[in-house]
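Next up: some structures, all given as structure tokens.
Note that chain A is present in both complexes that follow, paired respectively with chain B and with chain C.
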Partner chain A sequence: MKRLFALTLCAMSCATIAVGCGDRPDVWDEAPSASKTKVVGLAGAVALVDDVTHRAVMLLPREDQQLDRASFPVGKGVLRVEASPDRKRLLVLSSGDVPRRTSKDERPSLTVIDASDASRLKSRRFELAAPRSGLSVDPRGRWVAVFAAGDVATTFVENPNEIVLVDLEAPAGASPTITATLRSFGGRPERVTFAPTLTLPEGPRRLLVVETDQDVSLLDLDHQHDAVPRPEITVRLSPGGSTKPMRPAGVTFHDGSPSRNDDARIGVRISGDSNVVTLELAAATPGGPHDFSPKINLTDVGGVPSDLAFVQTDGGLRLAALVPSLSSAVLVETETSITTVVKLPAPYQRLSLITDVVERTALTDVALLWNATTSSSGVAFWALGKTAGQPYRSVEVLNLGGSVVGVRDVPAPRAELKVLESGGRGLFVLDLASRTAAPLTTLGKATVTISPDAERMWAFQVGESRLSSIDLDKLHPTPVVIDRAIQSVHDVARGDGGRSLIAIHARGAFGATVFDARAADTAYSRLYSGLLLEGLQ
Partner chain B sequence: MNKWIFALSLALPATASAAETPAVPPAASATQSEAPRFWAIDAGLRYGFIRDAAFDPYSDSDLLLQGTVGVSRTALVADRFSLAPGLRWDSGSTRATARGADTLLLVHRVTMPVEGRFHLHRRIYAFGRVAPGALWQRATVQDASLPETSKSSGWVFAGDLSAGASLMFIDTRGPKFWFTPEIGYAFAARRSGGLSPDVGDDDPRQFGTLQLSGTKLSGWFFRANVTATF
Partner chain C sequence: MQLDRRALIAPATLCLLLGYTACGADSAGSSDFAPGAPGGAADAGTGGGGYADTGAVDTAPPPEREVESSYESPVATGRYVWIANPKSGRVAYIDATTLAVNVVEAGNAPTYLAAVPSPPDQDVAITLNVLSDDATLLRKTSAGLTAKTFSTHHGANAWKLSADGRWAIAWTDAKGVKSAGKTEGFQDLTVVDLTEKVPPTVLAVGYRPVTVGFTRDAKSAWAVTQDGITIISLEGTGLEGSGPLVTKNVPIADKPLEDTGTRDVSVTPDGTWALIRRDGEKNIGLVSLLTGSRVTVTLSGPVTDLDLSEDGSRAVAVVRDTSEVAILPLPGITTKPDTFTVVPITGETIGSVSIAKTGTTAVLYTNAVPTERFTVLKLGSGTEAPSFQVQKLYSPVLAVFPTDDAKNAVVLHEKSKTDTSTRAAAFSVVPIAAGLPAKIVGTDAFPMAVALAPTSDRAVITERDDTRKIYGAFLAKMPSLAVERYPLASPPIAVGIVAGAKRAYVAQEHPEGRITFIDLDGGTARTLTGFELSARVVDGSKP
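Presenting the complex of A and B:
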């Protein structure tokens, strides 16, 4: 009897250990962290991309400050997370299992979550041959370029000139992923930009512009699904015989005259160099693989330019280069490369065209100049028409008592407003129509979120619980009480036509406070917690 | 917790052996002709194995250890068969850390077992047990994303289906003591609804629920009891 008793209990103990000690999934043992969780605001949702659990948790607001949650798997090893420019898609680039030892291990991938319809979210995953950390998204939403960014090495050996194009609207039967290897003269891609539709000799065309550390390549996107895709055109920037590489520092585009199809241009700024390059996309000689050919124009603007834009003046199209070392702007005549220096009241470094907002019917452009280093620089309006017999010299300064380090656009219907971020404690709301700037003082360095409906903006301090709503019509600030530290805020559309403000709190397993964005009142807010604990069971 | 269970399990035989030595009378002579009628009171441990993924936030393993007490009375006797209805209470808890949040699951299972016995010998009987009842569970999550603790509790239908044997190891003129190992399968409905912060009624704030799935505490179990009959 004694033996039977002992044997029974021993058997139960062994069974307990064998059966009961089954481990739970490892995800429960790793706490979420702000460094491994990326928060991205979309048009109708907020995405929390959790690299520990390999998923994107979509927060979808409903009426009465309710928040639906939906979880979508993403690839392992998140390298980059971006929203598409229209904020309807979430793109997650992942390395997969590294090293890949079995057939079940994940390959590198790009996951695209389509949130254009919040009631029917869709996810697609595109497998990639090798992990890449660079991502550039077509502003028109069709293409995604994946490339090896220099800042993150993902594999022992990489071909930096291999660019994977993902066509999100690939025609039936065509592969959505296309791999293009750029001919290299020793350079490696640093920036990839999707050009707007340009009118070329054989019709409208989308181009991908790849800036390497010494040249510029143009890839014809409209012929990438051809049986033999058209190769890229590489434009070497270094003059023949020169050993000094000319590193592109930014590009700008112009479609040219509406009546012509051979004068689309690309302007290229060179890092640390006083030259600017203009590429005129003219007709190619027959027989070649391409139907256009870039004609190169190199112009010295007298100093290193900090920004570049094509502008329409009384004298025609010019390439405007801001040269802070000269406190000037230099206008380059695109046909002849003749330059005109326009002295500016301060060494402005950035330029934005605001013609569409302030003078829609004007034949000449108006530019907003900003980010000068002097304390009285503020912003300036630069009219590029002829004023009082002085061509291009009408510069009106709006002194803000300090420099402006950032300009935020306000969408339509209040596109005439810009939010100016100063380096210190304060914001300005610039009205381009009346050329006034209303100051808003803050108790700390404010981060600004502008609502997509242009009715309000939100100012908050990261890591603090200070949040204010500012009505963009009357510029009336309203403090909003929130009892947890804010990481980010997102003004998101609801399915019922309303809007919700979702404030994300990065402590613990992440939380959120949801307000009605159009009538933010703490009395009607709703608090959520443990968002990254949900959906794992 | 597993170490503790293991130690306890190994300790039990030693304790029982020590008790058995002076108490066990000389071996019984023969099989009895009719099943005895008696009251039985038992206490012991129940090892539940919960495979439900919703259990993961609350436990590092699949084990749910519960204490158990029960009482029954022989109601019907037919030859060597008998039938005994009763009442049983199993109670236990498990705590863990889930993604940095402290979690606790407290479980009370109350059943009304009906036990059919077959008396093989005056010192041994085998039994089968059907035990319908109810299960109360309270889930608690304390996460840094909210100062308040989130809780959820409520009753669900539950039941056990099990079989085992009772082996008398102390035979006195008064109560007799039995060792009762048992194996079975536990059924329980899944509790629906999320967890809500534990705040006072006068708290003006509105909260969303923490949508952790309710745990379905079904699965195989072992139970080891010491039973006193009289």
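Presenting the complex of A and C:
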């Protein structure tokens, strides 16, 4: 027996020595840190993307505040992490091994983790020819555009006009990645936007709109798998006789009349310029590479617009431009470039259409105006109908005693609610139906998370342990006691139909406190620590 | 394809606004000028588009005001509208069917454009580049666009094209030159052979030409000047070889050294005769441009207007004092100056005449005194005697524009002093052939220009008030007389019809270029702004 014990001890010692003398995985050389870990909330999970261990740790809540964990490898050198607009996919853009010295070194890549089914997570990786830090995700979920964002230098020489399109629903036999180099007249992409499906002369079409620092390019996504992909259409915004840069500052879309296929439009705002540009996507001259062609119109709205939107008025479609310097909105008749100035009670800078929420059957739009610079501006409801003597029906101000810097949507079935973020200590819950705004005061600058089921919102202060749940029906705030500093909170669906609140703590190897989101009670919460150390080998 | 010239009529309302009376129309080879008047414009005492205050001493009405002259920028060919941008050195050409915009580099400061008569499969325009003293011929075919440069003399600002499209004459219209001194004669003109068989030729004609024209066979050209009518042989032979050559100058007055007053010169399309009218004179002079011989036709009183039919077969003269119209047969009147038809327009005041393109009907009116009516005169032919009817209106007449088929007319009105309405002015659409009542349409700004479709069933009228920033265009449909107004975002400067595309265009003042197209059938309007931006769309069709 003694001999057996001695042999066992000897064997353990040898094993320990053997392990101690062998190569230790690199992941043990660097401690987890908040700066190298990105946290992204998904519909049914929370992802901790750890650039030290090159993996995404998926936190999957179950009943009774239990938390499953699953790890998926991601590329090295994480450059950007985003959730898809429907929050069902996680996208991780990585630079790979830089420099790449051996064939085993990783190439730049895009990792897509499909979390639409929490019980069957799937991961796909798309290798890229060069590292890119810009990422734009199709709201419809099919496409991902990877481009050089300019904010992160990834290689000594990079071609900023090279855009990699990743088709997550590529047809069989087609390559899911397509590399397109946009023709450039000196510009480089600054924003990449997936347009909604637009009705063009030859049928519905998806377009990728690339705003560079001097022009706008339209890429026909539906013809990128062609044997010879259709080239992009470049709309140069500078007339050529001037050195003044015409830098696009944002785009907006309209599909046009349902009965027409030649009047889809793109509105373009120009940075620091009083002109707005509309591109009408009409039929192209036969014989060219495209079946549509942008017809350009330029309209001076009298001042630099801060926001643009296509709106329906009694007189038809108009492009509405908010011009804070004039405390006005300017309605541009898209067919004729005729402008109508609507004086506003404050220099509002942002505009959101709320017609679907407040007047679903209305033929004219209603817009919410916000983010004015004056202290007492609040928000305003702008009804775009027409009454005698004025080109709009009404502008109704809701005075909140301060300016509103952010408007957060509440999803269905409470889409009539908006959460207004002020610059100071406080929030407002705006009810568009009753046009009331209920104030909620906070002890510090609050960060808000709205539950996807629209039943509640969570308010907390980053780095502090203060957390409250606010019932969106009765606006009753309930403090939730939590022991550790909060980095973020996520209201996540569970497989059993319930919902969990996962509060992430960035200290050490990251931890999480899990509550039942619908009945948050510290007594029934669970704390999980060292999440980034689990599963390491 | 050559666009019918009537489709491009845009009366020089600017002249009205400026108080000019001498904005001569050259479409029928007629012109007014006042010798010695700087810039060639004569001030007849009326201005601002209003009626002259005749005062208590001189009770005679003022002269008739000529408002049917043409305004030639931009220009339309069969399918395209061409617009020059002097600042960028480019010419934009817009396909009026697809509204696709392209630009082409021209010379230095392309400014004055003209449509060149061409075969149906081509659209051709020519521009004068005022800083490089040359011209660029732009030819658009299905194969693409070609550009060819020709040198011109310095200071040219007007074009005249021969009907066959071979010859172009660049000349200097003194009316387009500000503060021209008396020693500036603007006598150079450049004859350009667009087929390049003959190099561009600079010729000197008489002092300050006011209009230039070609004979129907395009073998000769003429220039009406203050020294007479200079005749140019286009295929002549001189000391410097074959090519355009000034062959003679035909005086148009018995005493050319004397100030002859305001003269209205019309030249027959075949270039054989010039008809000369002088304000306040009852004689009409006819001068043979071939022989220099003169014939005088004496009417019953001072001739206030003279118009020549499109085919040159007859001229119509108006004597306001006696309310008579004289129909002069051509060339018969040159051999029998006493044989012509006089039609008394009893009870009417008439001072101006405009003959419809058909040559069978003329409209008679006066804008010297407020008159709310005009007369439609059927000129008669063969055994058919001339007859007339009076058309009642509801506002004073400024100008009358008959359609090519003479079935309808557009009448521009001025606001009378007794009119208390808030409207600035008005126009009427008149079914003159059907004899139906006129439809009057009030306007918020002064009517500026009229374009008539060569199909005679559409007219476009623009209005402009810079002070109140009211700009608009009206589409009038005939024979329904339906009128629709289209507000414009910026001041209209020219209006025309692109016959091949069935669209009207209204060019407007805008730093980046703006033009509104109106579908003549559907009535939809579409504005394009920023031609050069449109042309800078790159679709990858070219390597």
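One rule holds in what follows: the second predicted complex is superposed on the first by the 511 of 537 C-alpha atoms of A that agree within 3 Å, B and C clash if a C-alpha of one lies under 4 Å from a C-alpha of the other, contacts with A are read in each partner's own complex, and residues count from 1 in each chain.
Here is the rule we go by: a contact is a pair of C-beta atoms (placed from the backbone, for glycine too) under 8 Å apart; a residue touches a chain by one contact, two chains touch by 3 or more.
From a predicted model like this one, the values you see are computed outputs, not experimental measurements.
J.: Of the two partner chains, chain B (first) and chain C (second), which one does A:P73 touch, if any: first, second, both, or neither?
T.: The answer is neither, since A:P73 touches no partner chain.
J.: Compare chain B and chain C by how many residues of chain A each one touches, and report the one with more.
T.: When the residues of chain A touched by each partner are counted, B comes out ahead.
J.: Taking the superposition on A as described, I'd like to know which of chain B and chain C A:G423 touches: first, second, both or neither.
T.: Neither partner.
J.: Which of the two partners, first being chain B and second being chain C, lies in contact with A:I233: first, second, both, or neither?
T.: second
J.: In the overlaid three-chain picture, which partner chain does A:P32 touch, first (chain B) or second (chain C), both, or neither?
T.: A:P32 contacts chain B only, not chain C.
J.: Per the contact definition in the header, classify A:A523: touching chain B only (first), chain C only (second), both, or neither.
T.: first
J.: Quick check for you: in the superposed arrangement, does A:H505 touch first (chain B), second (chain C), both or neither?
T.: A:H505 contacts chain B only, not chain C.
J.: Which residues form the common part of the chain A surface touched by chain B and by chain C?
T.: none
J.: Can you tell me which positions in chain A touch chain B when the two form their complex?
T.: Those residues of chain A that touch chain B are 1-2, 4-6, 8-10, 12-13, 15-17, 19-25, 27-32, 52, 65-67, 69, 484, 505, 507-511, 514, 523-537.
J.: Spell out the residues on chain A that touch chain C in their complex, using ranges where they run on.
T.: 183, 230-241, 277, 282-285, 287-290, 293-299, 335-339
J.: Enumerate the contact residues on chain C facing chain A in the complex.
T.: Listed in rising order, the residues of chain C that touch chain A are 87-88, 95, 98-101, 486-490, 512, 514, 516, 524-530, 532-534, 536-541.
J.: State the interface residues of chain B toward chain A in the complex, per the touch definition above.
T.: Contacts found on chain B: 2, 5-6, 9-10, 12-13, 16-17, 20, 24, 47, 49, 51, 53-54, 56-57, 59-63, 96-101, 123, 141, 143-146, 150, 167, 169, 179, 181, 197, 204-208, 210-213, 220, 222, 224.
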